[in-house]
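First comes the structure, then the notes that go with it.
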Amino acid sequence: MSTTKFGEYGGQYVPESLMPAIEELTDAYERYVLDNEDGFTDEFRERLADFGGRPLPLQHAESLSARYDTEVYLKREDLLHGGAHKLNNALGQVLLAKYMGKERIIAETGAGQHGTATAMAAAHLDMPCEIYMGETDIRRQRPNVFRMKINGAEITPVTTGRGTLKEAISETIRDWATTVERTHYVIGSVVGPAPFPSMVRDFQSVISEEARAQSREKEGRLPDAVVACAGGGSNTMGTFANFVDDDEVGLYAVEAGGSSLSVDEEEGVAPNSASLSTGDEGVLHGARTKLLQDSDGQIMESHSVSAGLDYAGVGPELAHLVDEGRVDAVNVDDDAALEAFHRLSQDEGVIPALETAHAFGYLEEHADELGEFVVVNVSGRGDKDLETVLEETEKRDLEVAPDMSVLREVSGGGL
Amino acid sequence: MGLEEAFADEPAFVPYVAAGDPSIEASKAYVEALERGGADAIELGLPFSEPIAEGSTIQGAVVRALEAGMTPDRYFAFVEDLDVEVPIVCMTYYNLVYQYTHPETGEQGPRAFARRSAEAGIEGFVVVDLPAEEAGPLREACDEFDQDLVFIVAPTTRGDRLDRMADHVSGYVYVQARLGVTGAREDVSDQTEQSLARVADWSVPKAVGFGIKTGEHAERIVSAGADGVIVGSALVDIIADGHAAGDPTADVADRLEAKARELKAGALAGARAEAEQS
Amino acid sequence: MSTTKFGEYGGQYVPESLMPAIEELTDAYERYVLDNEDGFTDEFRERLADFGGRPLPLQHAESLSARYDTEVYLKREDLLHGGAHKLNNALGQVLLAKYMGKERIIAETGAGQHGTATAMAAAHLDMPCEIYMGETDIRRQRPNVFRMKINGAEITPVTTGRGTLKEAISETIRDWATTVERTHYVIGSVVGPAPFPSMVRDFQSVISEEARAQSREKEGRLPDAVVACAGGGSNTMGTFANFVDDDEVGLYAVEAGGSSLSVDEEEGVAPNSASLSTGDEGVLHGARTKLLQDSDGQIMESHSVSAGLDYAGVGPELAHLVDEGRVDAVNVDDDAALEAFHRLSQDEGVIPALETAHAFGYLEEHADELGEFVVVNVSGRGDKDLETVLEETEKRDLEVAPDMSVLREVSGGGL
Amino acid sequence: MGLEEAFADEPAFVPYVAAGDPSIEASKAYVEALERGGADAIELGLPFSEPIAEGSTIQGAVVRALEAGMTPDRYFAFVEDLDVEVPIVCMTYYNLVYQYTHPETGEQGPRAFARRSAEAGIEGFVVVDLPAEEAGPLREACDEFDQDLVFIVAPTTRGDRLDRMADHVSGYVYVQARLGVTGAREDVSDQTEQSLARVADWSVPKAVGFGIKTGEHAERIVSAGADGVIVGSALVDIIADGHAAGDPTADVADRLEAKARELKAGALAGARAEAEQS
């Protein structure tokens, strides 16, 4: 039997109409995912390999290792089909929906990475798919919108609120509440009501399963530190899961510090997405967890230069592990993330997602505290972020930014 | 207990509006108009920033109420200020209950929220995202402060879950007429009768909501065995239209009162029809 | 000793100032690549695995297999770091340049895939890198231009001629002729003077090395047909190389048929890039091969909806294998390629490069002639082509195109 | 053989222009002006669409000539039409040789090209992208039709390659003064002397080209031991400027003639300087 709670966190805070679906899902999770009924897990692993491209390398980062005088390894989730760790989970859930006899997939997306992963998985498994996406995010993640449409998904723009991930999740829950009997909601991170946080973690834990074995192969031991960015926390939990019991391995969840850690209560806006570091306990989107909220309990608009970290909540298990002292919740601001983006691109030839760049921003600031063998999860590639990076880089005076004038010259003004 | 009494003599009409929509004063006038129109109890929404169970109509109400500055403390003051006799049920989401800090005791959480509700004269709660499984702390606080805790039974609710809710419920049971989110519909769902059948032997009154729009809907629902009807979006539409058109509060209040009369009359007609059938 | 010729094709038709560099390169190719001197090949293979993500799957394509009633497998080069097979070669050459003691890398690029691969490899191996790219291509492949810049490469726009690959190659040769002593020119396909065609083939042949073994694993035998698109022909030769001696395996090189196979001599324009199918023997960019040229021997402007196939020449070895009857030269037009692009995206959840889409267009038209077990090389992913696909799809009335109106609505007009 | 004779008495001045740049007539006038200015032989470019060894100046000439409609057959007619005495060397790229179809014999390839060249009165070839290793077929055709085949020695050419070229070369050897592509430079490269030293014992005259711009350059090159100077971009610049300004052909021809005089005078001065040194 799976549990719905992680300490006091987690649970199932959803409208009653969803509870039966959640019970059905719990049952399916236990049978198929935990007990490999009908060979579900075998099929999942096989598809992850053939369609997804797993296993993925743990790459020694030569320039960074020299720069920080420590052995830095990159866990290359950016090489997963679709360009981010998201497919591990999306493929697992769409496949599970098939096993459950569901006829339709819905999902929300912020950065568009979960949406594209879900659209790809749905196309691969021949499931109709509808994706909810905030209008703001549609604007700032156009390439991913294209990709979802091209994979045959329907995109429904969400116009409420600020039009980002939080609103898209609410809207997807609404759809689910209406169509729950034939629809599976593929949640995009280790958030939401149980069993989602556990299930998404299990699908993502292939990251640390591989990384743990690869660490032993490459360095003959476990790493001193494992670093991953945290939005909802799915790449984070996936990267940590198989190390949680190894007390000697430090686990660092790097949140988006945005432009500042302080908060505008009046406007209901937090200029960051650092719910683990600065949030309070509360209930959002089905789970008790750490949240960005005002003193009344209204949810704040979070902010980050990276759309995929721009979420006011965080996975309940991660909140629990932070409270337990097992995981260090840290954060990195927009500027440092952008610098890290350029540094990794130029020094290692790996263009990371802006989300991922936060993990490298932390490395830059704290490498000397992380020991002699550090694994950083490259949760995704940065192709989706190119326009944002250009814009945000132009606004700033970064040390490591490249000169982009050739684009202006050739296109004749305007990037 | 106040809530069950609302259903005691005749089928109840229970309107929903969001407190503070579109302003504190107008909202007060609207609540009072609904009582004049025949409301037997009022579900008064305490607006939450993420109303995941609401359709676009009530989302709109919530946004307007939040923009008008509604907060939990202002909500309680609003209730204390209301000039109505019928019981008030606070409809909200759990995070506001969970976060609530009592202004005097400094206590935080469900107990503080229940205490302050009781002080304000509220009779009970519907917490949309709080299933019976997670309701322990609030249930205890309700017992202590003499508040009812209403649960929603969905068309999909069956078996064990029904039993668990039967154990926790008080005041009335909110029978959700159809799957999905709130919102007025053109028709009445077939699922209603089946849902009513499933809770037939519960000791609390059965109020049906989700999608009821007209007196005729109300009549059919009551004739199908409901002890009352809950109507939200059809009323909020009137508020939204009036707000959009810039109509005087009194005019909108009159329209609400008239709509309330229609719905109450429908419910009564339904009761007569049911009496004839049986 | 390597030979400079494939039958009558190939050779070394370059200005004298480059000949010594070509001799030096030949020597380095023989020592490092062919004889694994100083462990070059071992290091190359290791970096292909850790940095590139190899091996890559041979994936069973369920929908296509059902559609064509034949077992279709996808060789997933789109999962290689950078998003195309190009890194196999770029990494090999940049590494070789290091072994040769060169200080600087130059390259030309058309679609931008070879440029991004080279920029990534150069960043990875810490080599300064300059990329020549035609102005037209800079405009139609913006995301790749961003990526190269972000990886720290310099981009030099080429304004001569029509501003596409042909001109970019000429310009790169000019740079090389000037700086040859300290510079290595990373040519992007199996073209150019010997030893480039053999060397690039060798670096790319990891594709068929894997695919051959994977075919045995998955189906217990070799495929009946292997299909790959052909621009210069590097993914093609890489996919064919280890099958050339297996006479029972049919090899299909799919060229860009563009809008028509006929030619406008007056304007010097071929509205296609089908040099294998329609070209004549001639000498271009250092090699004797099949070319699109007018009756005087002036090179034509080729055309294809896919920038990466838009080249008037083709690898000399491929020309030879076609003449020998070992490889079938076929072609697919722009419309069919676009249809195939959408079909693969929707049915398999794999968004191919427009170049790659040509191979699937051929499958659609000739599946019944290819036998019961077909391997198609997915030479790259389509992220770079999204804008082009949108534009070109809007101009046409395709059966399988998705509805893109959501993008217009949200962005408020204009895609 | 005509070509070697051009270097026989005194240091030769060998200009390069593209046939047909910027029009057939103007180009004819320019070639004739260069002879008047003192040219001892003329390298006349047959334009190819992919001039990979040329810098931007000569690329420009090639584009203009192609736009003016220059083709191999028109090129031969152009040469036949020229009113000059000095030998003409055809400078081109191999694909045009390879593709050439003789209008009468219908034969295609190097032999056809050499035949037609001989018929037109051409004395030899420089084929920029044809190293000695690939030159077999053209070398044979040249022998048959009494054409010289000039090779370029680059600063990087050494050892075996030099020997192979020494075997194939005739007419003169084109000593490339620096690495890179054609184009006028402000200075004269140090590499020149070293390159000249490497071919010192060759039996053919040594002409140095790449980047020579002024009479003074020419003087220094000849005094360093060259038997002649080849000048292209500095002359093409004059044509390009005149074309851009819309100047009358006669004016541009005068400027070319003057520049030719300067360069030839420089070469002669260089020969005197060398004679004094030795």
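Note that the chains are named A, B, C and D in the order they appear, and that numbering of residues resets to 1 at the start of each chain.
In this text, a contact is a pair of C-beta atoms (placed from the backbone, for glycine too) under 8 Å apart; a residue touches a chain by one contact, two chains touch by 3 or more.
In this text the structure is predicted, and so the values were computed from the model without any measurement.
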- Give the chains in contact with both chain B and chain C, ordered by label. A
- Between chain A and chain B, centroid-to-centroid distance (C-alpha), Å: 37
- Query: If you average the Cα atoms of chain B and of chain D to get two centres, how far apart are those centres in Å?
  - Reply: 96
- Could you give the separation in Å between the centres of chain A and chain D, each centre being the mean of its C-alpha atoms? 65
- Separation of chain A from chain C, taking each centre as the mean of its C-alpha atoms, in whole Å: 33
- Based on the touch definition given at the start, go ahead and assign the chain network to line, ring, star, complete or other. line
- The chain pairs that touch are A-B, A-C, C-D
- Would you tell me which residues of chain A are touching chain C in their complex? 49-51, 53, 56-60, 62-63, 76, 78-79, 81, 83, 119-126, 135, 138-139, 142-143, 145-147, 149-152, 155-157, 342, 345-351, 382-383, 386-387, 389-390, 402-404, 406-407, 409-411
- Task: Under the touch definition given earlier, write down the residues of chain B that touch chain A in their complex.
- Result: 48-55, 59, 63, 66, 71-73, 93-96, 98-101, 128-131, 133-134, 151-158, 161, 176, 179-181
- Considering the complex alone, what residue numbers of chain C touch chain D? 4, 11-17, 19-21, 23, 160-161, 166, 170, 173-174, 177-181, 268, 280-286, 288, 291, 293, 295-299
